[in-house]
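Below, subunit A partners subunit B and then partners subunit C, in two separate complexes.
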Partner chain A sequence: MFDIFVLPFCAGVVALLAVSLMKYIRWINSFSKRQQITIRRNILSIKILPAIWEMFRECLLHWRITQRNLLLGYMHRSLAFGWFLLIVVGFVQALMACPGGHPFYAAIFFNYFEPRSERIVEFAHSQQIATLMDVLLLYVLSGLFLAMLKKVWSKPLGMKRTTKHNLTDRIAKFSLWCIFPLRLLAEGATSSIYGNGGFLVRWVGTVIAAIGLDSAEIEYLLWVLYSLALGTFFTLMPFTRYMHIFTEVFLIYFRKNGVIEGNKPSGYTKFELSACSRCGICIDHCPVNRELGISNTQGVYLLQTIRNKDLWHRAEQIAANCMVCDRCQVECPVGIDLATIRRQVRSEAHTAIDKPVGYNYLERVHPFNAIGRIAYFGGCMSHLTPGITSAMEQIFKAAGQPYWYMDKEQSICCGRPLLQQGLVKQAEVLRRKNRDMITRSGATMLVTSCPICYQSFVKEYQLSIKVMHHTEYIDMLLRSGKLKVKAGSERIAYHDPCELGRGCGIYQAPRDVLGSVGTLLKTKEERANSLCCGYNLGNISISTDQQQLVRDAALGNLLAPNPDTIATACPMCKRSFARANAIPVKDIAEIVADSLVQD
Partner chain B sequence: MKTIAVIGAGPAGIEAASVMARQGCKVDLYEKQEEPLCNIRDKALLFPNFEKADTIAEALLQKLRHENISLISGHEVQQLERNKGKESSWTVDGRQYDAVILASGYTPFDAHRKEELGYGIYAGVHTSLDMERMLREGRIVNSIGDKPRRVVFLQCVGSRDEKTGNHYCSKLCCVTAVKQAIEVSKMLPDTEVYIFYMDLRMWGQHFEELYRSAQEVYGVKFVRGRISEAAGTYDGRVQIKAEDTLLGLPLRITTDLLVLMVGMEASDGTRKLSQMCGICGEYGFVQSSDPHLNDNSTLAPNLLAAGACKRPMTLTDAINDGRSAACEILCSYSLPLVFNS
Partner chain C sequence: MSATDFGFTISTTRIVDFDAANRQRYEELLSRVPSYKYCIACGNCTATCTAGGMTGFNIRATHLKFSRGQYEGLADELNKCMLCGKCVLVCPRGVNTRALIVNMRKLLEES
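Up next, the complex of A and B:
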C-alpha cells in the first residue's frame, strides 16, 4: 500500500512534528523556575479535568467566538471540529478496513488505496462510514465557503475589519483552502473509475464523467496535488499562524495549571504568541481602530510583529500606541494576556531609562501611626480631582470611621503608571516605600479612590490588610447601615472604568450604590464592554484631539439614555468626561456625599 | 425704511444699533438678559487706562436713546431663519427684517471644568470675574475674611489649553491680570502678588508699559509656569504645585487667594444661532466670510456678525467691530452717510 505521491504529505508531517517538538521543548525549557515548579506541582492534579474541557470547548468547538457571532463560530468550528472528526473517523475507517495494520497515511488517502490494495478488506458498515466521511467533508467545505466569504464580505460574520496577513500566512492559507476541494475532486475522480465512496464523492464522480473529463488521466494528478497541498500546509504550519492549532491546547493546559507570566518574557509568552490564530476579532473592538481608524496596532499585529524578530522596532511602536483599556483581552477568543505582553515590549524598549534614580525624596516621607484606622490613598489622579477626595473625607466622617489620608501632603505614586510604561524597576522602588508605609502604620484596611492604584495594590503589592476601592467601601457602609443616603430621582448613567471593571471585575458594587441614590440607566456598552474614556496614561502616541475622539464615542454611549448625570468611579474618566462639558460628571463618592442623611 | 435686527445688547450690538438708527434704519435690539451690557457692568476699572467701566457703560447706554431703536430685553432669540420666498431677508422669532447683525458675544470659561485648580471646592480659589467683583466692592479678603497676605494669579485657564479643547488665546487675560495685580497692590501694599504665566502677550497700546510698571512700581512677581494642582490647607488657604520653567524647579507655595484668569468661549446663544444658520466656525464662534476683507459678513446673505461672537475681543475692538458691521449694512443699501458735527 504505497505510492510515490504520498511522500509530500509524509514529509510535511515529519517536518511539522520535528519542528513543533523542537520549538515546544525549547519554550518549556525557558519557563521561569517558578513556572516550572507550578507545572510540576499541578501536572496530574484535578485541574487537568477543567483544562481538558476547555481544550475541547475552545480548540474544537470555538465556544467563545460562537457566543459573539453564530456564523463566525460555525466557520471556525466546522474547520476545526470538522477536520478533527474527518481525521478520527478516517483512522477508524482505515483501522476497520485493514485488520492486518496499515501505514499512517492510509487513512488520508483511503479512497485511493481502497480499490487498489488487497490489504483492504470489506467490513461491516463500510458504506455508512463512507457516507459519514462525506457528511464531514461537506461540513468542512461549508466552513471553507464561509471563510472565503469572510475574505470578501466579512459583515455577515460580525467583523468589520479582518487581519492583513503576511506572505507566509497567505501561502499557508492558500494551501489549507486547497486541501479539501482537492480531496473531494481526487476522491470523485477515483469514484468515477471504481465507484467507491459516499454520496457526495459519487456525485462528484458522475459530474466529472458527465463534463467529459477523463478520470483515469486526472485522478493521479489530483491525488498528487492533494498530497502537495497537505505537505505544504504542514511544513509551513510551525512558521505561520496555524501553529495556534496545537499551541492553544498547551496554553490552556498551562493557564489552567496556574502558570503566571512575569515582566520578562519566558517560554509562556512564546506559547501565547503562537497560540494567536490572528483571527482579528481584537481589531474591531479596539478604540484606537474604532474611533481613530488606526487599524494596524491591535493585539493581533503586536503578536505578529513580536514573532518576527526583524520587526522589533515596529513592535515597540505598536505596543506604545494602546489605550491599555484591555478591551481586546475580553474579546480574545484564545484568552491571551495581551496587557502583559505589551508591557514586556514596553519594558524592553525602556531598559535604558529604567533605573531607580531620582527617588531620594522618598527618604523624607515618614510613616504614620494609624493603628486601628483606615488608610485612605487618594492617588495622584484624585489630587487633580479634589472633589472626589473631599467627598471621601466627608463620607469617612459621616460614617464615623477614623481614617488616615496617607497621601494628602506628600503623595507617592502607586507605581502602576510606571509599570504600564514598562519601567519595572522604578515602579518597584515606589511600591516598596508605599508597602513599608502601610505596613508600619498599623492601619486595618486600605481604601483608594483611583482604580489604577486599586489594581496595583490588589495585584502587585501583596498587602496583608484588606484593600478596597471606594465604591466597594461605600457599598459596604451602606449595607451595614453606617452610612445613610436619601434616594432621589436623579437619572444616572454609569461609566465602568476599565481598570476597575475589566481590570478588577468590580461591576456590581458601584451599581448597587448608585441604585440607592438615584435611577441607574442602562447603556448599550457597559460592564466588560465598556468603552475607553480616552484619557489614559497608557498611550503616549496619540494626540489630545485623538483622545477626545475616543472620549466622544464613550460619551455618546453614556448620553444615549438621556441621563441627568454621568457617574464614574475613576478620577481619570471623570476628568475626561468633565472636559467635554456636556452634562454634570460626578464620581460615585461625590454623588453619595451629596445625598447623605445626617442622623 | 429698512428694518434691522441686532441680537445682543453688548458693546458691539449697541454701537451697531446706534449707528444704523442715526442713519435712518429701524433697529430692534434683542437682549437675553433683563439689562444690556452685563459683561461691562460687572467690571470695576478697565485696562489700560483704569477708566471706570460704569462710565463706558453709561456712554454706550446714552447711544441707545434714539427713536429708531427699540430695545427688546429679557428676550432670548429662539428662531433665526431666512424668509421663505424672499431669501435675502430674515425672520427673528416671527418678525421680519431686511438684515440681521449677530452680536451674541462670549461667555467666560467655566472654571469648574479645571477641577485640579479647586474652583468651587476651596474657598480661596476665585476666577478673574470674582476678583473684579471684589475690586468693585473695594474689599479683598481671604476665606476667613482677613486681609490676604498673598495673592496668586494664574493665566490661561481655559485658553491655550489642549485638554479643554480650547487651543486659542483669549487675548485679554494677560493684560487683565496685570491690571488686577496693580489694583490689588494699590489697595493692599503689603500683600505679595504673583502672576503665573506661559508667556505674556502685551500686544495692545500701553499694555507693555502697564506690565513694566507692575514689576517696577508695584513689585508684582512674575513666574513662568503653569499651576498643575491646588489643594486646600487646614487653615483655609490654598497650596499650589507648579513648576518655575525658567529655573527648571518644582514649586510649592501657599496662598490666600488663587485667581484663575478664565478665557472666553462662544456664548450659548452664539453657538445655537450660528449653528442654526450654518455659520458656525471653530470652537463654536461665528465664522466670518473673510478674515481680512469681509470680517463682518458671513456665508449667509444679510446676516452679519460683530464683536466677541467671532473670537475673543477687547471692548475697544468690539465697539469698532459693531460700527463696522453697521457701515457694511448702510453701504449695501446705499443709505447716505451723514456726519454729525
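Up next, the complex of A and C:
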C-alpha cells in the first residue's frame, strides 16, 4: 500500500511535527521562573478537566466566535471540527478496512488505495462510513465557501474589516483552500473508475465522466496535487498563523493552570503570539480604527509584527498607538492578553529611559496617623475635577465615617500611567512609596475616586487592606443605610469607564447607585462593550483632535436615549465629556452628594 | 595674587548662543510631537503639575531649555515627572505634553 505521490504529504507531516515540537520545547524552556513554578505546582491538578472542556469548546467548536456571529462561528467550526472529524473518522475507516494495520497515510488517501490494495478488506458498515465521510467533506466545503465569501463580502459574517495577511500566510491559506476541493475531485475521479465512495464522491465521479474528462488520465494528477497541497500546508504551518491550531490547545492548558504574562516577554508570550489565528475580530471594535480609521495597529497586527524580528521598529509604533481601553481583549476569541503584550513592547522601547532615579523628593511626603480611618485617594485627575473630591468628602461626613484624604496636599501618582507606557521600574518606585504610606498610616480601607488608580491598587499593589472604588463604597453605604438619598426624576445615561468596567469588572455597583437617585437609561454600547472616552492616558501618539473624535463617538452613544445628565465614575471621562459642552456631566459621587437626605 | 572671596560672584551669563546650540534634536522632537508647535508657553502645565507641587520641576522651562539646546541637567529634571497626565488635560492648545516629556527623555538618551 504505497505510491510515490504520498511523499509530499508525509514530508509535510514530519516537518510539521519536528518544527512544532522544537519550537514548543524551546518556548517551554524559556518560561519565566514564576511561570515554571506555577506549571510545576499545577501539572497534575484537577484543572486539566475544565482545560480539556475549554479546548474542545474553543479550538474545535469555536463557541466564543459563534456567540458573536452565528455564520462566522459556523465557518470556523466547520473548518476546525469538520476537518478534525474527517481525520478521526478517516482513521476509523482505515482501521476497520485493514485489520492487519496500515501506514498512517492510508486514512488520508483511503479512496485511492481502497480498490487497489489487497490489504483492504470488505468491512461492516463500509457504505455508511463512506457516506459519513462525504457528509463531513461537504461540511468542511461549506465552511470553505463561507471563508471565500468572507474575503469578498465579509458583512454577513459580522465583520467590517478583515485582516490583511502577509505573503506566507496567503500561500498557506491558498494551499489550505485547495486541500478539500482537490480531495473531492481526486476521490471523484477514482470513483468514476472503480465506483467506490459515498454519494457526493460518486456524483462528482459521474460529473467528471459526463463532461467527457478521462478519469484514468487525471486521477493520478489530482491525487498528486492533493498530496502536494497537504504537504505545502503542513510545512508552512509552523511559520504562519495556522500555528494557532495546535498552540491554542497548549495556551488553554497553561492559562487554566494559572500561568499569566509577566512584565517581560517569555516563552509563554511566544505561545500567546502563536495562538493568534489572525481572525481580525479585534480590528472592528478598536476605537483607533472605528473613529480614526487607523486600521493597521490592532492586536492582530501587533502580534503578527512581534513574530517578525525584522519589524521591531514597526512593533514599537503599533504598540504605542493604542488607547489601552482593553476592548480588543474582551473581543478576542482566543483570550490573548493583548494589553500586557503591548506593555512589554512599550517597556522594551523605553528601556533606556526607565530610570527610577528622579523621585527622591517623595521622601519628604510622610504618612498621616490614620488608625481606624478610611484612606481616601482622590488621584491626580480628581484634582482637576474638585467637584468629585468635595462630593466624596461630603459623603464621608454624611455617613459619619472618619477619613484621611491622603493625596489632598501632596499627591503622588499611583504609578499606572507610567506602567501603561512601559516604564516599569519608575512605576515601582511610586507604588512602593504609596504602599508604604498606606501601610504605615494604619488605615482600615482604601477608597479611590479614579478607576486608573483603583485598577492599580487592586492589581499591582498587593495591599493587605480592602480597596474600593467610590462607586462600590457608595453602593455599600446605601445598602447598609448609612447614607440616605432621595429618588429623583433625572434621566441619567451612565458611561462605563474602561478601567473600571473592562479593567476591574465593576458594572453593577454604579448602576445600582444611579438607580436609587434617578432613572437609569440603557445605551446601545454599555458594560463590556462601552466605548473609550478618548482622553485616557494610554495613547500618547494621537493628537487632541483625534482624541475628540473618539470622545464624540462615545458621547453620541450616551446622548442617543436623550438623557438629562451623563454620569460617569472617572474624573478623566468626566472631563472629556464635559469639554464637549453637550449636557451636564457628573460623577456618581456628585450626583449622590446632591441628593443626600440629612437626618 | 590670590582670589579674594567677596561672598558673592557676578552671575553667570544667560546669553543663548543659537550658533552653538544644536537644534537638530529640537527639530526631531517637533517631528515626533507635532502638537508642540502650538505651545504658547502659558505655563498651565507647570501650574497643575503633580511633581511641580513638590519640587521646582517646571515643564515649561524644560521645553524651553530643550528648544535652546541647553541640555545640562535636563535629563535629571525630566526624571522627576510621574507622567500622571494632568498637564495634558489642562493644556489650552492641545499639546501632547506627555509625549513631549517621553520623547525629550528618549532624545537626550539617544545621543
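Definition applied: the second predicted complex is superposed on the first by the 599 of 599 C-alpha atoms of A that agree within 3 Å, B and C clash if a C-alpha of one lies under 4 Å from a C-alpha of the other, contacts with A are read in each partner's own complex, and residues count from 1 in each chain.
Methods note: contacts are C-beta pairs under 8 Å (C-beta built on N, C-alpha and C of every residue); 3 or more make two chains touch, one makes a residue touch a chain.
Quick caveat, the model's predicted, so the values are computed rather than measured.
Annotation: superposed three-chain arrangement on subunit A; subunit B versus subunit C shows a clash. Once chain A of one complex is fitted onto chain A of the other, the partner contacts of A:G188 are absent, as it touches neither subunit B nor subunit C. With both complexes placed on chain A, subunit A has more residues touched by C than by the other of subunit B and subunit C. Once the two complexes are laid over each other on the shared chain, residue contacts for A:Q421 go to subunit C alone; subunit B is not touched. Judged by the touch definition given at the top, the superposed model places A:S390 against subunit B, while subunit C stays out of reach. By the touch criterion defined above, A:N581 lies against subunit B but remains apart from subunit C after alignment on the C-alpha atoms of chain A. By the touch criterion defined above, A:P238 lies against neither subunit B nor subunit C after alignment on the C-alpha atoms of chain A.
In the superposition on chain A, no contact is made by A:G280 with either subunit B or subunit C. In the superposed model, A:T544 lies in contact with both subunit B and subunit C. Residue contacts after overlaying the shared chain place A:L362 against subunit C, while subunit B stays out of touching range. With chain A as the common frame, the single stretch of subunit B that clashes into subunit C is 236-244; none of the other options in 74-82, 164-172 or 236-244 do. Common to the subunit B and subunit C contact sets on subunit A are residues 383-384, 544-545, 575.
If you check the complex, the residues on subunit A that touch subunit B are 383-387, 390, 408, 544-545, 548, 574-575, 578-581. Those residues of subunit B that touch subunit A in the complex are listed here as 110, 113, 115-116, 118, 121-122, 162-165, 228-232. The touching residues of subunit A, counted against subunit C in their complex, run 350, 352-353, 355, 357-359, 361-362, 364-365, 380-381, 383-384, 410-413, 415, 417-418, 421, 423, 426, 430, 535, 537, 540-541, 543-545, 572, 575.
Residues 34-35, 48, 50-51, 53-55, 76-86, 88-90, 94, 96, 98-99, 102, 105-106, 109-110 of subunit C are the ones that touch subunit A when the two sit in their complex.
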